[in-house]
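Please find the structures below.
Both complexes below contain chain A, partnered by chain B and then by chain C.
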Partner chain A sequence: MLNKIYDWVDERLDITPMWRDIADHEVPEHVNPAHHFSAFVYCFGGLTFFVTVIQILSGMFLTMYYVPDIKNAWESVYYLQNEVAFGVIVRGMHHWGASLVIVMMFLHTLRVFFQGAYKKPRELNWVVGVLIFFVMLGLGFTGYLLPWDMKALFATKVGIEIAASTPLIGHELKVLLAGHPDIVGAQTLTRFFAIHVFFLPAALLGLMGAHFIMIRKQGISGPL
Partner chain B sequence: MSKQPVSRRQFLNYTLTGVGGFMAAGMLMPMVRFAVDPVLKGEAAGDFHPTQQKVADLTEVPVRVDFSYEQTDAWYTSEVTNTAWVYKNESGDVVALSPVCKHLGCTVSWEGNDHANQFFCPCHNGLYEKNGKNVPGTPPLKPLDVYPTAEKDGLLQLGKPEANNIV
Partner chain C sequence: MHRGKGMKFVGDSRIPAERKPNIPKDYSEYPGKTEAFWPNFLLKEWMVGSVFLVGYLCLTIAHPSPLERVADPTDTGYLPLPDWYFLFLYQLLKYTYASGPYNVIGGFIIPGLAFGGLMLAPFIDRGPKRRPLERPFATGFMMLSLAAIIFLTWESVDAVDWKAKEAQGAIVEEAAIDTNSDGFKIYQENGCINCHGDTLSGGAAAPSLVGTGLTPEEIAEIAKNGKGSMPPGMYKGNDEDLVKLSEFISTLEAE
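And now, the complex of A and B:
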């Protein structure tokens, strides 16, 4: 049945070369942990992607209950965590995944750094990777405010003060982030929500696409 | 071809780039202006807020003055309470200091933790002199902000805290 559906589509759209391009390629021996166990260090990039997928999915589901408004944000988080079936699991996935993605990304960076895999011709991919790192930090920073509890509020106040200490444009940067010259409040929460849920994920998907296209084009770096 | 300064291909490229750029700008301009609006709106004028503190009762010893006012945060209005440490200096002028520590924003108190004649911040042991000047060697790097003060019907009024220049 599934085969027939596949054939029906393939006959019209010739999709086999497309998915072959994406999925059908050999893993070189030196990056395959089945051959050399130490090759597990090559898994961190893929694990970062895996956790990122979990983050995107769990985040999508969290927005079914979450409200980015200062009167209701905390209540909605409390409700989805304590009243909704598996709420504590879904929020837990997003909460712990946020830290895990940083850990995995850091290990991936260390591997690339210590193997010298960033060297010519892969410099551009390193640059894109660093941009992904900044986007991830931005996602962590903006996501931290959303539960709207004391820890979130004061962490964001400190973070915005750090942004405000930027030379020359510090004050403008602060107002742009907070949405108000003095108050970390209603407009800050909606801004951070928009940045967390739309702007940064869009940037992240674009950058990750570039990251993966480059690694497929250039191939993985050779054995040490 | 050589006598034509602009080829047909170039002309079409320029035209399409121009029109495309114009359309992109037409889409982006409203959105960007929308996003940066808080920056361009500028600061709200610092209104004076009334307090219950009688100016005549002030002495050279700083007292804690709490005052409440309506704060408008976009579509959300709420009653907030702020605090000032208020005293009269040697020349009889009213000085009102913000209690927000210039290190990381905790709340300082007068002679807290037995620090005679100083403001003390409990978070990281920051100290300030009576006039708000930060004590060197403690975490804060700037003096405490000051409230502009006014008097109405014998009662103290406080404005929006600003950087301390009296020190």
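And now, the complex of A and C:
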């Protein structure tokens, strides 16, 4: 039955080459923890992706309850945390996932760095990886404001002041982020929400796509 | 790929009529113990993923994510702290030559050089050697940065009074207060309101008076003789009003 459906679609869209491109690639011995236990260091990149997927899914569920407005943001998070079934688990996964993704990404970066895996011909993939790192830090920073509690507001004020100390464009950057030269308030919350939920994830998906296509094209770096 | 004349298509589309076989590549002649990603290796990856997920869920259940009280921009006594992965950058801004007039050094130049160096690593460390010991400069600089990040994070965490931090953000329970009652008027007239606030929920200098669990006598005692950072003699009225005040406060319960 499934085969028949596959053949029916394949006849019309020729999906076999695409599917074989995704499925067929070798896993060399030196990256396979089943053969060399020390190869577990190669898991960090995959685990980063795994946590990222969890972040996207849990974030999608959080937006079903979250209201990005200064009157209701905290109330909606409080309700989600205390009243909604499994709300505390979903929010907890998103909260801890934010830390885990940084940890895993950091370990992945160190693995690639110390193995010198970024050398020719993989320079571009390293640059894209560092950009992903920045996007992740940006997601962490913007997500921190959204519950609109004391910590959120005052940590964001500090962060925006740091952004304002950027030479030349500091003031413009601050207004862009906060939506107002002096006030961290309603505008800031909606901007951070938009950045956290639309702008940065879009950038992240694009960069991750580029990261994976480059790995597939070049293959994983050889043993040391 | 078939080219040129004789190509057959499905209908009037550009899909070739000839089907390609959907079979995996043969890895038996690849060097070493090379494995196919699909499905052999992916199954193992999922096992690692499940173990990781169990640990992740345990963490989530053991430590529910924190939520402090609703943001109050007027509370200037609150000491903010960023998320742990920004602490090293935050700590850097506390040093003399990285803050105040030198803010641009701590906030921009040092992090800019570090992250810029990280991004451009492949163009700085250009030799063909890959082993860490064979490229001492790259390894050395990374070790130095790691040590700096760990040290700065440690210093930052060490400087925080975690108990006070938890208390300053705790969700405060509020009570319905009858602002026309005698008790509230006495509370206002004696200046209690200056520290304990107009909702009696406390502030930077004083604790909340809602749901204290104290008897009126104990409250009267504190009003006269003080407690903790509250000096004695704050209450200046007569004894009759003191009874009204302490009874008013002792009946405050969170909604």
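Everything that follows uses one rule, which is that the second predicted complex is superposed on the first by the 224 of 224 C-alpha atoms of A that agree within 3 Å, B and C clash if a C-alpha of one lies under 4 Å from a C-alpha of the other, contacts with A are read in each partner's own complex, and residues count from 1 in each chain.
In the analysis below, a residue touches a chain if its C-beta (ideal position, glycine included) is under 8 Å from a C-beta of that chain, and two chains touch if they have at least 3 such contacts.
This is a predicted model, so every value here is computed, not measured.
S.K.: Between chain B and chain C, whom does A:Leu176 touch in the aligned arrangement: first, second, both, or neither?
M.R.: first
S.K.: Applying the touch criterion given at the start, work out whether A:Gln81 contacts chain B, chain C, both or neither, answering first, second, both or neither.
M.R.: Only chain C; A:Gln81 stays clear of chain B.
S.K.: In the overlaid three-chain picture, which partner chain does A:Arg122 touch, first (chain B) or second (chain C), both, or neither?
M.R.: In the superposition, A:Arg122 contacts chain C only.
S.K.: With the two complexes superposed on chain A, say which partner A:Gly185 touches: chain B (first), chain C (second), both, or neither.
M.R.: both
S.K.: Tell me which of chain B and chain C touches more residues of chain A.
M.R.: Higher number of touched chain A residues: C.
S.K.: If we overlay the two complexes on their shared chain A, which of chain B and chain C does A:Lys157 touch? Say first, second, both or neither.
M.R.: Touch status of A:Lys157: both partners.
S.K.: Going by the contact rule set out at the top, does A:His196 touch chain B (first), chain C (second), both, or neither?
M.R.: A:His196 sits against neither chain B nor chain C.
S.K.: Who does A:Ile102 touch here: chain B (first), chain C (second), both, or neither?
M.R.: second
S.K.: Report, in rising order, the residues of chain A that make contact with chain B in one complex and with chain C in the other.
M.R.: In chain A, positions 70, 157-158, 185 sit in both the chain B and chain C interfaces.
S.K.: Across the complex, what residues on chain A touch chain C?
M.R.: Touch list, chain A to chain C: 6, 10-14, 16-17, 19-20, 22-30, 32-35, 43, 46-47, 50-51, 54, 70, 74-75, 77-78, 81, 88-89, 91-100, 102, 109-110, 113-120, 122-123, 126-127, 130-131, 134, 137, 140-141, 144, 147-155, 157-159, 162, 165-167, 184-185, 221, 224.
S.K.: In their complex, what parts of chain B are in touch with chain A?
M.R.: 35-36, 38-39, 42-44, 71, 73-76, 104-105, 160
S.K.: What part of chain C is in contact with chain A in the complex they form?
M.R.: The contact residues of chain C facing chain A are 10, 13, 15-16, 19-22, 24-25, 27, 30-38, 40-41, 44-45, 48-49, 52-53, 56-57, 59-61, 63-73, 75, 78-86, 89-90, 93, 103-104, 107-108, 115, 118-119, 121-123, 125-132, 135, 138-139, 142, 146, 168-169.
S.K.: Looking at the complex, which residues from chain A come into contact with chain B?
M.R.: Spelled out, the residues of chain A in touch with chain B are 70-71, 157-158, 161, 172, 175-176, 178-183, 185-187.
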